[in-house]
Every structure is written in structure tokens, then in C-alpha cells.
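Each chain gets a letter, A, B, C, D, E and F, in the order it is written, and its residues are counted from 1.
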Amino acid sequence: MTWTWLIGAVLFLILAPIAGGLIAGIDRKITARMQGRVGPPLLQPFYDVGKLFEKERAVVTTAQNFYVLAYLIFIAVSGALFFAGGDLLLVIFAFTLAHVFLVLGAYAVHSPYSHIGAERELIQLMAYEPMIILAAVGLYMVTNSFYVADIAVTTVPAILYLPGVFLGFATILTIKLRKSPFDISTSHHAHQEIVKGITTEFSGSTLAQVEIAHWYENVFLLGFIFLFFAWNPVIGIIAVVVTYLAEIFVDNVTARVRWQAALKSGWLAAVLGIANLAILSYMMLGGV
Amino acid sequence: MSTMAFLKRSPWILHYDASSCNGCDIEVLACLTPLYDVERFGIINTGNPKHADILMITGGINEQNREVVRNIYEQMPEPKVVVAIGVCAASGGIFRECYNIVGGVDKVIPVDVYVPGCAARPEMIIDGVVKALAILEERREKMTGAAQTKESARQAAGEST
Amino acid sequence: MPERIVVPFGPQHPVLPEPIHLDLVLEDETVVDVVPSIGYIHRGLEQLVQKREFTEYVYVAERICGICSFMHALCYSQGIEHIMGIEVPDRAKYLRTIWSECSRLHSHLLWLGLFADGMGFENLFMRSWQLRESVLDTLEDTTGGRVIQGTCKVGGVRRDIGQEKLDEMHRALDPFEEECRDLGDIFLNDDTVKYRLQGLSVISKDDAYALGAVGPTARASGVPVDHRETGYAAYGDLGFKPVVETAGDCYARCAVRVKEIYASIDLIRRAIDQIPEGALDVKVKGTPDGEYFSRVEQPRGEVVHYLRGNGTKHLARARIRTPTLANIPPLVKMLPGAQLADVPVVVLSIDPCISCTER
Amino acid sequence: MGIFQMTKTVLRNLARGPATRQYPAVPARTGPITRGHVTIDPATCRSCGLCSRRCPCVAISIDKEAKVWEIDRMRCIACGDCVEGCPFGSLTMEQAYLPPVVEHVVERYTITYVKPERPAKKPAEEGAGA
Amino acid sequence: MQTLLFLILFPILVACLLLFVKRTALRYAVVALSALAIGGASIYLLIRYAFEGAVYFAAPSEAVGLAMVAIEMGLALFIIYMGAKFRNYLAIVLAVIQAALVVYLETTFSGNLHAVNNLFIDQFSIIMALIIGLIGSLIAVYAVRYMETYHHHHPEVRDRQRMFFFVIFAFLAAMFGLVFSNNLMWLFFFWEVTTISSFLLIGYSETEEATRNAFRALVMNLLGGVAFVVALVFLAATETTSGGVDLARVLASGETAVVLIPAVLIGFAGITKAALMPFSSWLLGAMVAPTPVSALLHSSTMVKAGVYILVRFSPVFAGTFAGFSVGLVGAVTFVVASAIAISQSDAKSVLAYSTIANLGLIAACAGVGTYMLVWAAILLIIFHAVAKALLFLGTGAIEHRTGSRNIEDMEGLIVRMPRMAVMMFIGIAGMFLAPFGMLISKWAAIEAFVQVPFGLVFIAILAYGSAVTVFFWAKWMGKLVAVTRNRERVEKGFFEEPWAPLYIITGLVIAAVALFPVISSALIEPYVLGIYGATARLGEANVAIMLLMMALLLILPVSFLLFKRTARHLPAYMGGRTATPDLHFAGSLGLTREAQTRNYYLNEYFGEAKLFRPGAAVCIVLILASWILAGVAL
Amino acid sequence: MTVNEEQTTISVALEDLTREVEALHAGGYRLVQIGCTGTGETYEINYSFDKDYQYRNLRLTVEPETEIPSISGIYWGAFVYENEMHDLFGIPVTGINIDFKGTFIRTAEKYPFSVTRSGGDRCRNA
């Protein structure tokens, strides 16, 4: 057993917030350009988070800090597991656990808006969970391993076998990135009927932690996209960039949908994934 | 403690219409739009007092709004500043003599910056925010100082729980 | 089913540019009951008529609302002119029409932006407001103010628009219309927008009429009420036809406004073509004595200024019934059954102007 | 295609670059008749008080005895009625806007008009209260 | 051998003793002591036999067999009597058919009804025995106090506690017998005893609803019973090839095609007992019974008998289409029941649906029956038993304290009953969150299904099913942790509450997580290895990670200390309206209203009315398919 | 193209109000507004209706404190005007379908437009 996995994890824990913040900055800049604006400085996300840490500590209930901290830690842990090359399913479950903590934080504050945000977050969770599991299964079917370490070094162009899964995953990626049309539980940009939804009652450093967790999450998700193209790192990186740009684009050309549509989209994406996998397994059986 | 002063690079605003005629409100919103784009300065219109640093109030505040304004002001975490936008927010403006107008935001909560005009223009509002930033920064320094003193006093007293 | 969520919606709320409060009762996210409450912008400016001379009151009327500003001034002035029997010069009438329609453009574009924002479509909000800025620039160049014009007065208008500027405006209209049509296409054809709007909160023609809906809210349900048909100001000369839709849902309400933008551009074009030379105002002599219900079609619908003079410099009473007030009963009927996510969309679909409503 | 109807606009925005007016760097856009703020030429004011009477907000007050002309900037709605009404052309509507202030401002000007002799202009300007 | 007999017979003894105990204090003493004895014995069993693999015992057969038939006839008569009394003729018909078949079996095939060894024990039996011995007896202890309060709250219900505890202990005995029997005739006997026990306990309150639900349970279980007897007849008839009624011989017979038919029939009995769709309604109806009954019979033990038998037969199912079909019944049940659980607000209904769902999942694993899946299924049985028992008992305790078992009314439990809330939290976390057991099993199941032909169907179902599971558990958790202001604390000190069983079970939940690698390597893996010659185990690195996560969870509360001092407390955002900390705000019409936060139930999509019928229909088709496929295979 | 607008005003007695309004309702008129004017000692209440720009105005003159029947049973949307009338003028209106009981428009002083209001300066911040 080597210690290389530890390097991946540590690098993720250190670099992901930096990369995530930069990605967020670039995202905001590009979004602004798409809207005909100049947009904030590139480092704006860091200023924001730095500012939030400077603010007074104000809470509705002390318990909220516990849940948010747990959210941050488990997001970081699941990302670290991923970059350490761990079992993809375990990563996904840790990831779900992290989100459940965020939801619980929103429930704990016991306020109408964060409550609705929490319910919606759960609906989102329910919407994307099947697809994310299927994505892992799809990668397994192609590479014969659930371990990220194995999937990442595969020579099989997974995307060619899993176009449907990838499309489905791209759909739920919109939910995960909290981008329009699926930014129903909380929203970065446009105003929302539920104020800030799940983060309504979080302020100051608590909100900053949510933000940092989001950076971690984004890097992790981009890493996940990379797995589909892992056989060629150059193409992989290009694909990640293109996918993210496409997400920004979609964010900018759609209205937010209702939760029903979010749920249906997520589940239909999963159906797409299933169809892809069914064909794949048929082909594999036929090939034997 | 930190003296990085991120605060003035990332002022998040909260806008509330406390009995104004809409004129100033739409100009506040216009600040967000491509032509003025206050996000250049890191400004985001949060709409949520818990996230906001700058409270922008328009209008002369009527009887019902008194409580609301006080309420959202209290809900904003320190450090915070209040910018009164338009002459109504400063003095009640043309509605000053109406029976239902309190007449100026400063009669309800402390105001730090007054932006004149009827309606205040986006450029003036931007100026107002810039002016508020200096005050915000001042307040932050004071707050960190105070917190440190308090913390050390507490530790000295050996207080627990 | 006792599982009902009660949410205080507003007065301070990010999707509400103006304070109004709703007590929402939800089942899951479906609105089952809504009790609105207003009064956060009630200033009591109707009573100011007793402290301001009737000619000065036009400044107050302008500030009933910063969006419908010009048309409030217009409605007020027309009312006084009717009571005092003043005939306004034709050029002033045309100028009033041009400014009215510019205001309508700016109001509708503003509304489209807010509406997009309510749907969570940030880019569309930005785009609408970006277009609106060119209208505001024109207004500023011709009246001196972006949102509060201050050019209408009893007896005429305070400023002229030079021929040069008129020509410039005329030239600018074509590219502007093209951009507006692009914008309108997005509102009318985009799938996500349609998904959010179609079939949402339908008000039938009969209901709309019975509930006293006015303006685009009524016209979207097929009730062809548009006060411009009575031909006040210069509308009588311009061949005006109201825009009417029949579906009665939020999409129709949006469509009416989008098409009114095109209509307004057309009206401005024709008004600039036909504008006659002449005086800008007539001297106002004497004081008003008598009463009149002055009505004007604002972007949000029909506004009624009931003015009553008693022969002194101060009016005895000004009672202003604004379109939003008339549209509140339909709104109360629209909300139940909608989703929470639709609440801002439905509320915005009547284009509420709370500061008008409450005065 | 119904979906992504916004594409054209987005691409145009990307191609054209930002429409933003870089406000603090570029001065604010004003028109020729923009109503910014009212200024007085104390040298020509004859203390008739018409402006004060016309003002719909009671922002202007004038003390004929003390020869003081006051304007409460926090009341003035810049309607320009006073300028139109001034029979001596002492008032002008400037295009420039007033800067924000941290205190309520009432600007005072001492009227220097003394009969038809040469009046000495006093360079009082805004920001008196700051 | 002695321990086995002790575990079967001792509870009967206690049961009879309890028939004569009237006073609660005395009953408590008796129950607690016997619980100690039973628990101790089952732990002894673990220590004694854990490392020995399957051990068989030749117990006296003739006399016992006869006695059993006699008792079975007696029970049939009892059912006929009850059926006549309450005019439930279907029950009578089924009981008569069953009795007739038993008589037919005894008379026609009397020579074929012998097993070499009547009793046996292996690691799987040990696990089951531990569940029954520890959880079952803890529930019994809890029930003493509970029933006292129950009658206090429900004066209209006739006090039949002596009968109640008699049945409880008789049931424990039957359960032990069930998992130790190698003779399928014996197994069937104990099977029937659990059916009757369940009938008696569900109908305890003697209300019309209770009686109706009791009969529903009876009828459905009898249906399974009939199938069981038919299977026995078939086995007896084909004794030479199939191995007759000797379980070990049947499983080892190798004549898959022959054995498959009885396996499918017994599997059907398992399906009815495990309340899979379309038979789920009896378990839901059973929720009218006092909570300990729900906990004991309908979540932790009796329904486990259903999946126990399925798991036992999974080597037979493995690789057959019939087995696949049975597995699909489980999978469909899993997703449909989970989805319906979303629309429920009654805590016991949610628990019931979740039980059905999890049993479905276990059945899915058992039906497909590869070694990894059997491994996962047994793990599921363990974790489900502990967590569900905790949740049921917790719900009962909450109901007695707050007067409601509606989840909405559990809002702010963390403030009102903090210890109970933490226990419930742990229980719920045990049902779906990452470091806890159920999720480990799900994870294993997914990894296993991937390797099965057509396993994709199961994976797809599992993916959706676990997504909806997260939804309904998390929203319940959210209710518990909501920090409500101005609410009174209604909980007493640690030792003042009669919650000792709860504390212990909470400890068991945590212990199960912490020790699951040990449980797996000491019990499950040897068992699976013994049967399949191969076994599943989780990667060591992953186990370490899971433990790390557990540790983190325990460390995190430290953050409370971090924040406590300096934070300023703000009231919740109420749109700027004047509001009090307990969420009353100034509403329209001048009224003061309370902001209410209620969970979503999404009835439109996940309503019982909407999903049950299609789900049941699919399951019926699948069950029929399993029969046909088994027939075709023959 | 242009429609001529006509305005007519008819005085009605309190007891005839409901009947008249019903007649207009039956005649296909829509409710435009209800407005109130204080005229020294009494209130003039204008019920305005419109049909194809024909403006009909029912004028009711009442003493202060006279209870007025609500017409919200006939025109559902009348409640906004009636509540407003109550809140600003202090005119008691009975039987409003959505009765805000004085909380529709909350004012710093009660019934600012009431004719019976005891003196005092109505201006604030003068």
C-alpha cells in the first residue's frame, strides 16, 4: 500500500478552495459578460468569504454552526476521498451525508424560509441521487472498478460508452452547481421567492463555510466529470472546461423551474442513464 | 486580528422601500443592471438582512414601516451602515407634511450617509455606497478592537460557559 | 389535512421591490390561502391638496409613483383642465403623448425585467433593464429627469422637444424596436419562460370584468378596456387599438405587455411624424370650481383622479384610484392554487405598483 | 427552437463586450437639461421670495432682513420650479449632481445684492454642511 | 444443544409464569430477569458456537412432532372459533385448508417426514438468535412500563396484560425455535405460532379496527402458511431427490429444479410474513397494536422470520429466473414503500413503510442470492433490527410523553426531550446515513448487483429507492433538530425515565456500527463462505474511512464550545415583520399568526392512493411469474 | 375610432343603494371605484361604474357614523375600497367579505380624513 492516495487527499484539501474560489470568480466574470456587464474582480469570491469572516457572529441558534461545520467537513472529506482514489460509492454517500447536514442546519434554525429551503434541498437531493449513483455504476461497468484511482488511470474512453450517462450527469450537475434552471433551494444570483432558501439564516462565518464547502463541492464535481474523459487527460481537462462553460451558459439562458420540474428532470436524467447502461450491458453480454 | 479589510471590497446591500414613490427604488435596482453594474465593486443585492452590510433605505418611512425598518436593521450583523437614498429618506421630501410620514430615516434608525436627489440617480447611489464603505471599514476596526478587549477581559476574569 | 405551512411573505422580501405583505398558507408548496395586507407606503398624499396650490400639486401627483410618474401628472392636469375648461394646445398634447408612451415603454421594460427576476431569469432581467436605459436616456434628454419627468403642468407642458431631438428619436426607434422584438421573442418563445407562465393563474374574461380588473390584467383575459380609446391627449389622432389577449394566464399578461411595447413604439413614431407646431401651454387663470373624474390609461391600467375644486387655490379633494388597487381583488383570486415558486410571478403579473396603490 | 431562446442575446453580449458605463472613471452621463441641483447667484438675488413661495417642498427659505437665502438640500426635489419662477435669473439649474453627505445639509447664502452697483460675487458652493 | 433448548423452552416457562403475575412491579422483575437470562443465553450461544460453523443436533422427533401437530390442530380450531365469532369466513376457510393439508401430509407421507437432525445452529442462526434474544427481550422489558402507561391513557381498553405477556414470551420462544429448526415441519410449526401471536397482539385493544386488522394479518399469513404446507407436501413427495423436510438436505440437494418449487412456495410464505407488496397492508394495519408489539413483531423480529427463510433459501434462488422474480418483488416493494413513506406523517406509518421497504431490499438481495448479496442481506437484517427497534420504542415513548406520534408534533424535540431526540436521531441516522449500517449494506448491495446479469434493474430501483429514503428520513430528522424557542422541556433526568432498554438499544446501534467489521468477519463471512465457498468483504481502507467518519461525527460537537461565547442571537427572518422568537408574527387582518413549518408530503406524486395499487399489481405479477418460472424450470 | 366618454352622477338614498348597485351589475357595468369625500359635516360617497366608457356615478350622502351596507356581495372586489373608506374616513361598513377591521391601511392617526376629527394640526414635520 502506497501513500500516494494521501497526497491526492491533502492536495485536494489545500488546493480545492483556491481552485474553487477561482472557478467561482471566473464563473461570475463570465456570467457578467454574458449579461453585458463588467462583473466583479476575479478574486471577488475570496473577498466575499474574507468579508464574511470579518462579520459579527450572529446566529439564530448555536446548533446551526455545528451542522454547517459538519457540512463543510464532510464535503471536504468526500472530496478528499475522491481525490485519494477511494471508492466512488462511498464518496457519493459521504457527499449525501454532507448535504443532509446542511439541510439539518437549515431545519435547526426553525425559520419559515430556511425550512422551505431545506425541503427543497431534500427534493433536489432526491432528484440527483439516482443519477449520481448510476454514473458511478456506469463508470464501473466500463472500467470494472469502483475505485477512483482505477477509473482515473483507465485507458478506456468511458465517454464513448456512456454518452447517456454523461448527459444525465450534466443535467444533475446543474442542480448540484445551484444554477438556473434548478437553483430552487438557494440561489447565488437572481432573487428568489424563498429569500436565500437554505442559507437564509446563516450569516458571517457560517455562511462563509457554506461558501467554501461549495467550492470544494465544485472541484469535486468537476473531478467527477473528468472521470468520463480520464483516458486522455488533455481531452479530460478540455471537456471539464467546456462542460462548466455550458453550465454557465445554461444558467444564463433559462428561468428557474418549479421543484416538480427539477425532480422530474433529475429522474428523467437517471432514466437516460439507465437506458445507456442497459444498452451497454446488452452489448457486453452479447460480446461474451 | 485581521486587518485585511475585505469588507469594503464586498459590501452586500439590502434595499428596503420604506414608503418611497418607487423612483429611488428603481434607481437602486438600476445600479445592478449592465449600464451601472455595481457588482464591479463586489456589491450584491442580497435582499436578506442577515447577509447584508449596507442597508439602503428609500422613502420617508410611514407608521407601519417603522417597525419593519427597525426590525431589519436589528437583524443585520455588525458592522453595518445605513444609506438613506433620496430626499424622502433624508427628510420626508415632498411628503414631509403628510399625516402618515415619519419624515426621514434618521428618526427611526441611525443614518450614516444621505444621498440627496429626487429621484437619486444611480451614479449618486454609487457615490453613496462608496462613502458608506469608509464608514463601514471604520466600524469594523472598532468592532474587532472591542471584541478583542472584551475577549481578553473575559479570559482575565476566567469566565466560563 | 392539518399539514399547512404558514409563511410571512414580505413586506421586506428580495423579490418584492416594494413592500406588500401576504400571509401565505401552503400545503407542500401549493398556495391554499392568501391574505394580503398593504399600507407600507401609505403616505396620505391625497390630503396634501389642502396644503399645496392646485398648480403645485402636480409635483406631488408626479411622485405618487416613480414609474407612472408622468401619467399621474397628466391625469391630474387633464382633470383640472377639464374643470377649468382649459383647452391645451395641440403640440402640448402630442408631447404629452410622446412622453406618456416613453413612460409606458420604460415601465413595461422595467416590469419585464422584474418579471424575469421573479422567474429567476437573471440574464433576462439584465437585458430588459439594459434596454430600458435607452428610454431613460431619451427621457432625461427631453425632460431633464430620468424617472421623475416634471414636464407636465396644468395648461400644457413645461418643455418642448426640439425638432432635431425628435428626428434623432425617430431614427433611434427602428434599432430600438428591433432589440425590443428580440427581447419580446425571448419572453414569448422561450421554453422555460413558457413553462413558468402558461396556464398559471388563469382569470376568465367574465371574472376579470366582474372583479374590476383594469389595464393589461384585464386585456390579457380578453376584456378590451383601454382608456386610450377615448382619445385623450393626441391618441384620438393616432389611430389607437388596444392589445388584447384571451388566455387570461400569466403568459397572456406578459404577452399583452410585450405587444404593447411594440404598439407604444409605433405610437411614438406616428406622434413624432404628426406633431404640429404651436404653443406649449396656455396661461392658467382663476381657480378650479367643480368636480371631475379624470381617467388616463397608465402602463398598469386605468387611473382615476377624482378632483374637486371649491373655487380656492386649494382643491377640496383629490381622490386617486390607481390601477393596482383595482387589480388587487383579481390578484387575491389568482394566487390560491399556484405554487410558492409562482407567488412572485403571479403577484408581478398584475404589475403591482404599491406606491400608487397606497398613495 | 424554443429552448435557449436567449442564446442570440448572450452571444451578442459576449461579442460586444460590456455595456457598462464605468461610472467613477467616466463621468456621469447628463443631458443638456438634466436637473442636477439649484444654485443661486447671491449677487443678483433681490430677496423677492418668489422661489420660496413656489417651492413645493418648502426647501427654500429666505430671510429678507438678514439677507440670507437658504436651501435645504435634503428637501429639494430639483423640480426647477424656482428657477422658472425667478424673475431675476439668479437661480440656475446645474446639471451636476450633489455628492452624498453624512449629515443633513442646509446651505446658507448671504445675499450680496446691493442696489444696481457692482456686486461682489461670493464663491460659496455646495458642501457647506459637510 | 442445551442452550438451544433453553432458549426455546425457557420463554415458554416464563410465559406461563406471567399468566399468573398481576402486579406490574412483580411482572417487571420477572420480565427483566428472564430478559437477562435470555440475553445472556444468546450471548453465550455466540461465544460457544460462533467459530464452529453449522452444528446439528438430533432432537427427539416422534413425540415432539406429534405434539406439534396436536397444537397446530388446536390453533386451527382456535382460528375457526375466532373466525366464526367475528364472522371472518376467509380465515376459517384458510385454516381448514391448512389443517386438512397438514393432516394429509401427516397421514400420507408420515414416513418421509423425518429430518436427521431436528435442530441446528450456524452463524446466521446465531445472528438471528442475538437479535431475538437481545432486542426482543429488551422490548419485552420496555413493554412492561409501556403497557402500564398505555392502560392509563386508554381506560376503555380491557386490561389483558397477562395474556399480552404470555403471548410475547411464547412468541420469543417460537422465534428461537424457528431459527434453530432444521426440520421444516418444526419450522412450520413455529411459523404458525408467530402468526397466531401476531393475530392476538394486533387485536389486543379489541376495538373494531384492531380486530379487523388482526384478521387481515391472520388471513394473509395463513395464505403464506398454506403455501408453506404445499411446499412441505411437495418436499415430502419428492423426498429422495429434494431431501424432504430436512432443511440442510434440501439446501444441499443440488437438484435445483426440484427444490426450486418448494423454495418459491416457502419464499411466498416469507413474502407474506415479511409483508412485501401486495401483502404490506397487514403490517400497516398492525400499527394499531401497542407500540412494543409493533417494535417486536413488526419490525425487529417476526417479519425477520420472513426474510430469514428467504435468505436461507437464497442458495436455491441464486441464478434462477424464479429467484430473480422473487428478488424483483422485494425490489419493487422497496422503491414503492419508500416512496409512499414520503406521504406519511404518522411516525408509526413511516416506520412501517420503511420496514416494508427494507424487508423488500433484503428480499431483493436474497432472491438474487449471490454471495455478496447474501452478505449484504444479513448485514441489513442486523442493522435494521437494532435501528428500527430503537425508533419504534422511541416513538412510543414520545407518544406517551407528548400525546402524539405525528412527526409534525415532534418539532423541536431536541429542545423538549433532548435525550430522546438524540436517540431518535441516532436511530434515523442508522437507517440511511453514511457511517451507519443500512447504508453500508446498500453500498454492498449496489456493488454486488453490478456483477449480476440484469442486476442493472436492481441498481436502478435501488438508486431511486435510496433517493426517496433520504427524503423522508431527513425531513423527519429535520423536525427533531429544529430548535424551537419558548418550548418547555418535558423530559426528566437520566435515571428517572423508564428508558433503560432504549439506552441499551442506542448503545447497540452504535456498537453495531463500530463493530460491524468484526460482526462481518466473525459471523457473516464464515456463513457465506460456508455456503458459497466465497465471501464478500469490504475493503480495509474503506472500513478505516468509515471509522474515521464516525470519529469525526463524535468530535464535531466540540464546535458548540467554539461558538458559544461570542455569537449574538438573532430572531428568524420574518420578512421584516414584528415577530416573537416563537415565530408569531404580525399578520394581515391585524391578526397575530404563527409561522408554521411543516414538512412536504408530496401527496400528488407519492400518495398511498397513487402508488399502492400499481405497486401491488406489479408484485402480484412477479409472484405469479416466480411460480411459473419455477414450474417451467422443473 | 375614438369613443366618447360620458360621465353621469346620480344621487341615491342609503336604502336604495344595494338595489341600484344590483341593477348596474345586472346591466353589465364594472366597478371602477368607490371614493369618499368629506364635505364639512357629511360624507359624499361615490360609487363609480363603467361600461364601454359610459361612466355612471352613484352618489350617496351620509352623516358620520351612519352604517353603510357593503356591496362586496355584488362586486367581490369592492372590499378594497370599502376597507379603505373605513380606515381613512372612519365610516362603518357592514358585511364586507374580507373585513380587515381597520388594518388595511394603518395610519399614524386614526381616520385622517374624518370630518368629525377633533382639531389639531394635520401636518407633521412642517
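By our rule, contacts are C-beta pairs under 8 Å (C-beta built on N, C-alpha and C of every residue); 3 or more make two chains touch, one makes a residue touch a chain.
Just so it is clear, the model here is predicted, and its values are computed rather than measured.
Going by the stated contact rule, which chains contact subunit A and subunit F alike?
Chains that touch both subunit A and subunit F, as defined above, are B, C, E.
Chains in contact with subunit B and with subunit F: which ones?
Expected: C, E.
Does E-F or B-D have more contacting C-beta pairs?
Counting C-beta pairs in contact, B-D comes out ahead.
So which chain ends up in the middle if you average the CA atoms?
A
Quick one: which chain's Cα centre is the longest way from subunit A's?
For subunit A, the chain whose C-alpha mean is farthest off is F.
Taking each chain's centre as the mean of its C-alpha atoms, give the chain farthest from subunit E.
Centroid comparison gives D as the farthest chain from subunit E.
Mind checking the centre-to-centre distance between subunit A and subunit D? Centres are C-alpha means, answer in whole Å.
52
If you average the Cα atoms of subunit C and of subunit D to get two centres, how far apart are those centres in Å?
28
Hey, how far is the Cα centre of subunit C from the one of subunit E, in Å?
Roughly 65 Å, centre to centre.
Where in subunit A do residues touch at least two different other chains?
32, 34-39, 56-58, 112-113, 115-116, 191, 195-196, 200-201, 203, 252-254, 260
In subunit C, what residues contact two or more other chains?
Within subunit C, the residues that touch at least two other chains are 5-9, 11-15, 19, 29, 35, 37, 39, 42, 44, 47, 51, 59-60, 63, 123-127, 130, 145, 148, 190, 192-193.
Any chance you could list the residues of subunit D touching two or more other chains?
Residues 4-6, 10, 18-20, 22, 56, 77-79 of subunit D each touch two or more of the other chains.
Run through the chains and report each pair that touches.
Listed in label order, the chain pairs in contact are A-B, A-C, A-D, A-E, B-C, B-D, B-E, B-F, C-D, C-E, C-F, E-F.
Can you list the residues on subunit B that touch subunit A in the complex?
Checking each residue of subunit B against subunit A gives 2, 4-7, 9-10, 12, 33-34, 37, 39-42, 44-48, 50-51, 53, 77-79, 140, 143-144.
Which of the residues in subunit C come into contact with subunit A in the complex?
Spelled out, the residues of subunit C in touch with subunit A are 5-9, 13-15, 29, 116-127, 130, 190, 192-193, 195-196, 339-344.
Under the stated contact criterion, what part of subunit A meets subunit E in this complex?
Residues of subunit A touching subunit E: 1, 5, 56-63, 65-67, 69-70, 73-74, 77, 81, 86-87, 89-90, 93-94, 96-97, 100, 103-104, 106-116, 118-119, 122-123, 125-127, 129-131, 133-134, 137, 140-141, 146, 195, 200-201, 203, 260, 263, 267, 270, 274, 277-278, 281, 285.
Spell out the residues on subunit C that touch subunit D in their complex, using ranges where they run on.
52, 56-57, 59-60, 63, 123-124, 127, 130, 137, 140-145, 148, 150, 158-159, 182-183, 185-186, 189-194
Which subunit A residues qualify as touching subunit C in the complex?
34-37, 112-113, 115-116, 180-181, 183-184, 187, 189-196, 252-261
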